[in-house]
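Scrolling down, you'll hit the structures one after another.
Each of the two complexes below includes chain A, the first together with chain B, the second together with chain C.
This part shows the complex of A and B:
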């Protein structure tokens, strides 16, 4: 019984680890925050805290789907390029396309097309990985390069500015950069992803496949379907993030989103999801995303050089993963 | 414990002598104080059932495995080595069953790897290397260009390259672990020529094999091992195949527990002339409630039969039927839909998800039953998993702990529970008692019997003949992919099964 209790305690501690990191960076934020008028702590102001969430929204949404990909034993490096592709495509459809339909319909069509194409890119990734047995790293690396090329070619490598007069693009920008909309989309997707992982047969299959693919095969699990679906989710999530990105920056820029995949993977990893597959949680990923966001915010409030910011991020990743390693090795050793 | 030294070679010290070698793996005894010696210029067979300790003995002598206790002498001088390279330097070579060669390297590079003389300089000149290995290739009977990539050669040729590699070490003692298992007939002949010439040069050869006909053709002496002990060492001319087999099997057969099904009713599995790349026309019939034991040595086609029945290998010809009609499996899930399940042999690699919980492991194969629209009913899952684990007498603290925390026997029971929860009609159990303790084995025998009583048809594989005979209604013996006979376990003897399994004639004792 004591072993069982120890195991339960160990897993509780493991789940708590990203939170400890979050609490630490929050404390750091309070201590180091500049003071506003009347000695108020700028860091803790509602505006600042929701800004952190807003800034992390794009990364956060993709990281949810990336968690599923990584738990099933894969990785998706193409999300930054898919984000740029989606933002640019949205630009083309909203600014260059002039259909004789109401602006609302044009926006709906644009959103549907962008999400569908993002999912389609994910489906291609997943199909090639599971059918032709390419390593996920290699396939999505190729997709990262290829989709970036497609995006630049499609736009002639120029920004598509949304302008303020065109009805459709301006309205689109207003809607998709709306703070409550972004935050609630993130929250709803996080809850959905958590429930899928924790309560459905599909989530259970993903963990089993990531943990031991051979045994999953001998159990007759739908390995190809399950893994392909994670890439579809990841492509769609990157497309949604692309729509938000376009709206917030008021343009479709084919050169945006570079190295986003690394921030996304960092958030997932800090959240305690094992890159070797089989283990991880949505709660951890959300926390990991927030840790990165708070850290960035803290450093920016102090006007720290953005290059130092990168070094601090590097440190956080190493420390977070090292702590989890120790936890994982402790009980079995 | 009969230690014989042949009179004609008395005087010179043995090339290799072991005294009281012992080795345990966890709680399992692999070697229990073995005395054994090898004379220069002799070919000495090591025989025994799977798990008797032959390979462990060979691996210890070659420095791959360290013994718990005991002594090894080379030419009368005590030797102690901390790795296979030190043993190699002393002239002890081994050719493992799983060849330690690399397909992406050339023949010459493969031979030079791990050879201090050939690897000496950091910058290898290919011409020099080719010149150095060519004579060894000739001696091994495989005169290929040393620059050939190993991957372009056949498995038969790999075996001969492995021999050339050992020759290049100037080995005076060579262990060969099942060297002919992958060889074609003419390659076997070539190997025997090489062995004869080695013998003439005074090299001592330890020949680990299951194949009696080969052993009796080329070996001077035969040592039989059983349960980690050296049972006997005999000169070839003083013994017979029958005697060796009897000594390999040894133990008296346990009480027969399996009672035949009342009256065999429906055939739940019919296999007719089933052939794959490795199976040659296997036919048998399984009634509901029947327990069919499958006997055969490693490589006899036991696992291949499972692969064929579960759609993991291409069936070239033959037909399989289930109670409800024809069956052409394409995948494990096909088989599951027809309520045919496979409990794989290697539970850690193919069966369990070690970091997932006991409950999740138990429910995984039947998970769809506890879900509506993909939504798992957690309470029902927990309840049914608990009932099933109780039924298999699994001991576990908390169903939420990782299955890794359980003992081997309990892990095996979790694996069985996982499959029984799918309520199968036919169970294929591949070596379900491997590596578990005696108590857990008894539980598994009881479970098999109980399932059969409920009408489940059971095909099970075991490497231990006594348990197979005691707990099956019939025994099917496979040898090199072909069916050698189906015996009623009530009148089958271990000797008879062993003779069939080693390829001997099947016409009675």
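This part shows the complex of A and C:
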């Protein structure tokens, strides 16, 4: 067997790892599922399966952009705070702001403002990381703390309720909590992120920068621009997730989204993206997101203690990453 | 490329933040009119501004103290961190306030520092939660267990009305486990229900007091549990989250939703009862009006000795009580 063929086989095997995990949790789900009326398997019902997708939608959308950040050798800890900021800002703009424009226009303006500000937070993260050369961990940790403070200050620590009448906020809730909309947004963004990473020069830049920044620098790659763009994408993705979050929970809550960044990073890592940068795929991340979602769903359908759920999550993360390490360290042919 | 002169920027930035962060202390007209009366400082150490219940407490505290002439209120937020609250109270003691009000974050850690304040001659009002030793002048408490019992009795009555006898299936949504409010709101209701074998608690899910988390937990419960009569959420936002999940599946008419807190305002439970979303909410008293009443007497009446404990009562809010 030629070395090239062996390498290709190895990488195919590596790419398949997260799928094995997904298949395993799916089997677990079928076996352990409670039975519905007439002996049907509740876990496999269309309603339950789309519930899983819906509940993972927010994490899933952010994880796509996080994959790009991580592949380029970065990390973004601020996404949970940006999600809360966006949800709360949406609340303020939809409920407290009373412009003399039609509800549709108010919703459009709100969505545009929230996405733009999310992207702007990402741009600040990226600019400070690349220009002032702060470590991504430190900068986005500061952003996580600062944006949370801003969010609580801006809302006066209160939840902003959306109501059910015909107001802009209620209509916004109906639109953005719509199952098909959330799922297709996730799917479209996943395909787009995959194409960017796998088919464009920019995607190759990100891998090169994450693999070896010095080499990328001497090759003359636009490192600052390329990395900053990943943080902008991450900020915008967190803002979109925030809009969905606000619509689904029918309120803007400044205390939501705590520790979401950890779920997002876990999904990325389970999907086979190396935190050291350079390696990873969108397909892996989507699979990783689903593994986490299915696993929690399986445990919750069985009404397993929520603390046990956390332990199971931890185990999955360790095993998934260990399997990938073993693959990477093994001789490639 | 020229590097930014970062070091001199830093103090400038800090100064800007401080200036922007401090609200101008406008002297209230009463205070300046009082003139002769010295400014008296009241410090309120709040364990966590971020909860809606506590935000309501703060607002009420500010509103009521504003009416008392010659008093300046200072609110400190411990952000749910006992160590932070201890150091804030230590700082407060240095300011020698005329009155210290503490909503303690946890029982044991706050006991000593509240004792220190008393030793420094500062009257201390312990608000709502208990501490491990009675290191306070007076304790104004709310009774979560009594609320739990009220919930339990309300649910029994509802089930009797529905089936002619007290039987039915209950789903519970819990707040943070191990917290006093969670333990007693749960315990009080269970104490009532244990006498009724027909009442079945189908499941209890932990939703950490949050509306969004409660919606997700309830979604799974609805998939796994075919018939539900009552959802008892340990606060109103979680009851609202459960309602949203049931509504999404078209099952909101099948069950009733019961919450606790009964806050005013657009996002509060009372409004949700008015809208017919919650069958009932149970008011968890803010305790603030009593605190200001007793606090004012401590300030103004030198010989006044308050009771050691005042217990605030809860009451049920339903559409009927609102109609009255």
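Going forward, the second predicted complex is superposed on the first by the 329 of 333 C-alpha atoms of A that agree within 3 Å, B and C clash if a C-alpha of one lies under 4 Å from a C-alpha of the other, contacts with A are read in each partner's own complex, and residues count from 1 in each chain.
Criterion: a contact is a pair of C-beta atoms (placed from the backbone, for glycine too) under 8 Å apart; a residue touches a chain by one contact, two chains touch by 3 or more.
Note that the structure is a prediction, hence the values are computed from the model and not measured.
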Exercise. Between chain B and chain C, positioned on chain A by superposition, is the outcome a clash or a fit?
Worked result: fit
Exercise. So which one touches more of the residues on chain A, chain B or chain C?
Worked result: C
For this session: Could you say whether A:259 touches chain B, chain C, both of them, or neither, answering first, second, both or neither?
Result: neither
For this session: Mind working out whether A:152 is in touch with chain B, chain C, both or neither, as first, second, both or neither?
Result: second
Seminar exercise, completed: Between chain B and chain C, as viewed from the CA centre of chain A after superposition, lies an angle in degrees, nearest 10, of 120
For this session: Quick one: classify A:46 as touching chain B (first), chain C (second), both or neither.
Result: neither
Exercise. With the two structures laid over each other on chain A, which partner does A:303 touch: chain B (first), chain C (second), both, or neither?
Worked result: second
For this session: In the overlay, answer first, second, both or neither for which of chain B and chain C A:219 touches.
Result: first
Exercise. For the superposed model, what is the least distance in angstrom between any CA atom of chain B and any CA atom of chain C?
Worked result: 10
For this session: Could you tell me which stretches of chain A are touched by chain B in one complex and by chain C in the other?
Result: none
Seminar exercise, completed: Listed in rising order, chain A residues that touch chain B in their complex are 1, 3-5, 7-8, 199-202, 204-205, 207-208, 211-212, 214-222, 278-279, 332
Exercise. In their complex, what parts of chain B are in touch with chain A?
Worked result: 331-333, 335-336, 342, 344, 349-356, 360, 364-365, 367-368, 371, 374-376, 378, 397-398, 400-402, 404-405, 418
Exercise. Considering the complex alone, what residue numbers of chain A touch chain C?
Worked result: 34, 36-37, 42, 45, 47-48, 51, 55, 95, 132, 152, 156-161, 163-164, 177, 245, 248-251, 253-256, 297, 300-301, 303, 306
For this session: In the complex, go through chain C and note every residue touching chain A.
Result: 4, 6, 49-52, 54-55, 203, 205-206, 210-212, 215-217, 219-220, 223-224, 226, 237, 240-241, 244, 248-249, 265-267, 271, 275
